[in-house]
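What follows is a set of structures to go through.
Each of the two complexes below includes subunit A, the first together with subunit B, the second together with subunit C.
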Partner chain A sequence: MALLEVGDLRVEFRTARGRVRAVDGVSFQLDRGEALAVVGESGSGKTALALAILRLLPEPPARVTGGTVLLEGRDLLELYPEEMLPVRGRRIAMVFQEPATALNPVLTIGEQVAEAVRLHRTRRAVRPLVLEALAQAGIPDPERRLGQYPHQLSGGLRQRVVVAMALACGPEILIADEPTTALDVTVQARLLDLLTFLRARLGLALLLITHDLGVVARTADRVAVMYAGKLVETSPVRPLFAQPAHPYSLGLLEASRLATTPQGDLATVAGSPPDLTDPPPGCPFEPRCPRAGRRCREEPLPSLLLGGGRAVACHRPLVGP
Partner chain B sequence: MTVLAGEGLVKVYGRGRPALDGVSLAWGERETVAVVGESGCGKTTLARVLSGLLRPTEGRVLLDGEDVWAAGARVRRRLPRIVQIVFQDPSSALDPRQSVWAAVEEPLRLHHLGSATERRREVAELLEMVGLGPAEARRLPHQLSGGQRQRVLLARALALRPRLLILDEPVSALDVSVRAQVLNLLARVRRELGLGCLLISHDLAVVRHLAGRVVVMHAGRLVEEGPAELVWRRPAHPYTADLLAAHLVPDPARRPPPPDRPPAEPGGLGLDDRSAGCSYARACPRPTRTCLRRRPPLVAAEGRLCLCHRPDF
Partner chain C sequence: MVATGLALLGAVAGAAIGAPFLAPVHPEQLSLAESLEPPGQGHPFGTDYYGRDVLSRVLFGARVSLCISLAAQLVALIVGVALGAVAGYFGGWVDALIMRSVDVFLALPDLLIAIGIAAALGPGVQSVLVALGLVGWPGLCRLVRGEVLSLRERDFVQAARAIGAGDWWIVTRHILPHLAAPLLVATSLGLGSRIMQEASLSFLGLGVQPPVASWGSMVHYGLRWLSRAPWLVVFPGLAIAVAVLGFNLLGDGLRDILDPRLRE
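Up next, the complex of A and B:
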C-alpha cells in the first residue's frame, strides 16, 4: 500500500465570477521515502492541492467536492477536524513558501520551534528536541539561535528554521510548497540538497510543489505535471526530461531550457491558461496546443498508461503507449 | 562609443553600509550588458543611479561624457529621453487607476511631445510593437495578465524613444511559458530599434541568452566583468564560480551526487558583518589571511576584470 494515495480529488473555489475548479480530478501515489514533484505554473492548482491534502484550505471560499486522500488506507477527508491534529506535524508536515511570512516576527526562534514540538510532546522533552531539529536543518550553532528573532537571520537561515519546525515531530511526509522560490540561487541549491539529505537519512517522503523544472531535476524521483487543475502527465524524472509525452510538458521544458526555434527565437507556449470558471469540455490545453485536433476540443481527456510508470492525459501524446 | 558611464559609484542609504561600493561601468551604443548577483548585492541601486533616479553619494554618472549631477537640471532633464528603466514586478509598477493607453501616453504628455493626434498614432504604434491590441488599451492593470503588464511597462519605457533601456529583472515575476514570449519580444524590440540594454537579473539562463558582456556583483562591489561566454566558461572570481555551480539546470542527468553531510547554511554571512577585506572572504573556498584583511585589487586580464587577491584567470 502506498503511504499517501490521492484519488480523484476535486477542489472548488467560490468567487464572484462563479465556481473555479482549482483541482479537477487529481490522482497520484506517494511511496515511503519517495520525492514526488508537482510542477505547474501559477494558477494551475498546485498549492490548492497541497493544502487540500492537509485540510488547510480556507472553507469557504474553498470546498473539497470529491475524492479521497488516503494516508496508509485511512481517508483524511473523512476525519473530524480534531482527528486531523495528530496527523498534521507528526505524520505530514508542511514547509510554506516565503519564510519571511511563515515565521512570527515577535517570537524567538526557540519559542517557535518549541511551539511545534509542544503540541505533541511533554514539556520536559521540548528543549533537546528543538535543538536537535535546528541541528538537523543544518543551522550552525543552534544554542545561540534559540534566543534570536527572525529578522536577525538571513533568508536562507529563516527557511532552515521553517524546515526545523516541520521536522520537529518526526513526520513521514514533508510537503514543501515552493520552498526555495524566495531564496537566492546559492541558498536555494543548499536547501534542496538539505532536503535530499534528510530524505535519505530519515526515510522522509517529499511532496515538492514547484514551478521550476530546475528544482525538479535536482530533487525529485518522480514528477507530476499540473495544468488547469489536472495532472496531465506523471512520470519518473529522467524519461520526462528526455522525452515528454504531453505537449504541455514539452512546452514547459523548452521554455525553461530557453530552447531556440530554427528561426533563432525562443520556443514558447502560445497564449495563456484557460479561465477555470468555465473550463472547456475537452482538453484544457487544447487552445494552446500545436497538435490539437477536433477530438481534443470535444471529448473528455483519456488517461493513458505508457509503461515504465508513466501516464499521460492526452488524445495525441508525443510518446505512444 | 560610450553613451552612459558610471565612475566610482558609491551609494549609502542612511548610516548603513554602502549599497553600492565603488562601481565603475561603461555602456556603449547598442550594447547589452548584464548585471548579475544575489539580493542585496546592489544591482537595483546601480540601475537607479545610472538612470538618474538616485543621486550617488560619491562618483559620477556620465552621459555622453557630461557629468549628469554637476551639469545642472538641463542635462538631467535630457536623461529620461536617452535612458529608460523597466522596473521589476509589473503588478506594482503601474498605477492601478490608469488605463493602458493613459500609462503609455503619459511620458509623451509630460515631455510635451507631439499634438494629441500625433500622440494617438504614436501610442497605437507602441502598443502594436509590444503585441497589445486596441482591446487591451482600454483596460486597467488588474484586468491584465503578468505578461501583458510587462508589455505595457515596456511600451511606456519606449515611448520617449530612448537609446538605452535598463531592464530590472524583466521576467522574474513571470511564469516559465510566458517568460520566453517576453524574452522574444525584448530581443525583437532591441534589434528593431537598435537599443542598448542593461539587463539586471539573477537568472543566469536569461543573462546568457541576451547579453554579450556580464558584470557580477557581490555586496555592492563589482567582483567580475567580462565577455559573457568567457566568464561562463572560466569564471575568474570564486563567487562567480559558486554562482554558476548553484544554477539549477533543468536536466536530471546533471544532478550532483546526494550529499553525505547536511549542507549547512553559513550563519551571519549577511551583509552587516563585513570585514575590512574581501566581501566574499568568509564564503570563499580558498581564502588567505590577506583576503580577510585587505580590500582586493581590481585585476585586469584577457579583457576581463576581477576583484580578487587570487584571481583564477
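Up next, the complex of A and C:
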C-alpha cells in the first residue's frame, strides 16, 4: 500500500463568475521515502491540490467535491476536523512558499519551533528537540538563533526555520509548496540539497510543488505535470526529461531550457490557460497545442499507460504506448 | 503627550493610593460647626454642609472613581475581546449575530444605555460596573474583530494550522498577541470615557450611594449649594477633568508611538 494515495480528487472554488475547477480529477501515489514533484504554471491548481490534501483550503469559497486522500488506507477527507489535527504536522507537514510571512513576527524562532514539538511530541524537555530540529534543518549555531526574531534572519535562514518547524513534528510526508521561489539561486540550491539530505536521512516522503523544472531534476524521483487542474503526464524524472510524452511537457521543457525557435526567439508555450469556469469538453491544452486535432477538441481525455511507470493524458502523445 | 498624561495620571493614582496619609481628616467625619466653610486654612478645599473636608473626600473619591472605571473597563475588555475574536475568527452567522448586537449598542447613546441598565438594576456599585461594562464592549469588539479578520488570513496562521494547531491555540498564541498595541491605546482612551460615565451616573444619583463619595456623586450633592459654596462642585469637577485629560493624553500619545502608520 502506498503511503499516500490521492484518487480522483476534485476541488472547486465558487467565484462571482461561476465555479472554477481548480483540481479536476487528480490521482497519484506517493511511497515512503519517495520524492514526487508536481509541476505546472501559475493557476494550474498545484497549491489547491496541496492544501486539499491537508484540508487547509479556505471553505468557502473552496470545496472538495469528490475523490479520496488515503493516508495508509485511511481517507483524510472522511475525518472530523479535530481528527485532522494530529495528522497535520505529525504525519504530513508543509513548508510554505514565502518564508518572510510564514513565521509569526512576534514570536522568537525558539518559541515557534517549540510550538511544533509541544503540539505533537512532548510538553516537557522541549529545548533539546528544538535544537535538534534546527540543526537538522542546517541552521548554524542553533543556540544563538533560539532567542532571535524572524526579522533578524536572512530569507534562506528563515526558510530553514520553516523546515525546522515542519521537522520538529516528526512527519512522514513533507509537502513543500514552491519552497525555493522566494530565495535567490545559490540559497535555492542549498535548500534543495537539504531536502534531499533529509529524505535520505529521515526517510521522508517529499511532495514538491514547483514551476521550476530545474528544481525537479535536482530533487525528485518522479514528476507529475499539472495543467488546468488535471495531471497531464506522470513519469519518472529521467524519461520525462529525455522524451516527454505530452506536448505540454515538451513545451515546459523547451521553455526552461531556454531553447530558441528557428527564428531565434525564446521558446514559449503560446497562448494562456483556459477559463476554468467553463472548461472545454475535450483536452484543456488543445487551443495551445501544436499537435491538436479534431478528437482533441471534442473527446474527453484518455489516460494512457506508457510502461516504465509513465502515464499520459493525451489523444496524440509524443511517445506511443 | 505620553509624559504629560502619565504625570497627570500619576498624580491621580498617587492621590488614590495615598489617600489615607494625604487626607487631613477622615472623609466621613462630620463637623457641623464648620459647615460650608470656604477653602482656606485647615480646609484647603473647604467643607460641605455637614462640615466634611472636601479635600479628603476628593482624595478618597479618587479611589472609588478609579476602581470602578478600571473594573468596568476590564469587564468591557473581557467581553469585547472574547466576542470580537469569536466573530472575526469564525465568521458566518456567529459573526453576523455578534456584530448586529454591536450595531444596536453603538446606535444608542452610551449614557442612555448606562442609565437604563443602572436604573433597572437599582443604584449601586455593581450596577454601575455592569452598565459601564456593557457600554464599553461594543467598540472594543468591533476593533478586535477587524484586526482578527485580517490576521487570520496571514501566512503564519496558515502555517500554524499546517503543523496541527487547533483554533484555540491559533487565536491565543498567534492572533491575540498582535492586538496588544491597539488594545493598549483603546483601553487608555476607554478609561477616560469610563471615568466620565461613572461621574455622569453618580451625578444622576444612580452610582455609589452615600456616605461613600465618588467625584460624580460629590458634584451631585454639591449642586444644591452651588451659589453659596461653589467649591463643593469645582474641586471634584477638576479632579474628573484631570483624570480624563490624563487618560486621553496617554491614549493619544501611545497611539502615535505604537501605530507605525502615524510615524513620520
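Following the convention adopted for this analysis, the second predicted complex is superposed on the first by the 321 of 321 C-alpha atoms of A that agree within 3 Å, B and C clash if a C-alpha of one lies under 4 Å from a C-alpha of the other, contacts with A are read in each partner's own complex, and residues count from 1 in each chain.
The rule is simple: a contact is a pair of C-beta atoms (placed from the backbone, for glycine too) under 8 Å apart; a residue touches a chain by one contact, two chains touch by 3 or more.
Predicted, not measured: the structure shown is a model, and the values here were computed from it.
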(message) Tell me the contact category for A:104 with respect to subunit B and subunit C: first, second, both or neither.
(response) second
Using the superposition on chain A described above, determine whether A:96 touches subunit B (first), subunit C (second), both, or neither. second
Taking the superposition on A as described, I'd like to know which of subunit B and subunit C A:85 touches: first, second, both or neither.
second
Regarding the shared-chain residue A:162, is it in contact with subunit B (first), subunit C (second), both, or neither? second
Review point. Which partner does A:252 contact after superposing on A: first (subunit B), second (subunit C), both, neither?
Key: first
Between subunit B and subunit C, more residues of subunit A are touched by B
Touching A:119 in the superposition: subunit B (first), subunit C (second), both, neither?
second
Given the touch rule stated above, what does A:56 touch, subunit B (first), subunit C (second), both, or neither?
second
Taking the superposition as given, does A:213 touch the first partner, subunit B, the second, subunit C, both, or neither? first
Overlap of subunit B and subunit C contacts on subunit A, residues none
Within the complex, subunit B is touched by subunit A residues 41-42, 136-141, 145, 153-157, 160, 184-194, 196-198, 200-201, 211-218, 237-238, 241, 251-258, 265-270, 272
Subunit C contacts subunit A in the complex at 154-156, 158-166, 169, 173-174, 177-178
Residue positions on subunit B within touch of subunit A in the complex are 38-39, 145, 147, 175-181, 183-184, 187, 202, 204-206, 208-209, 242-243, 245-256, 258-267, 269-270
The residues of subunit A that touch subunit C in their complex are 54, 56, 82, 84-90, 93-94, 96, 98, 101-107, 115-116, 119-120, 162, 165-166, 169
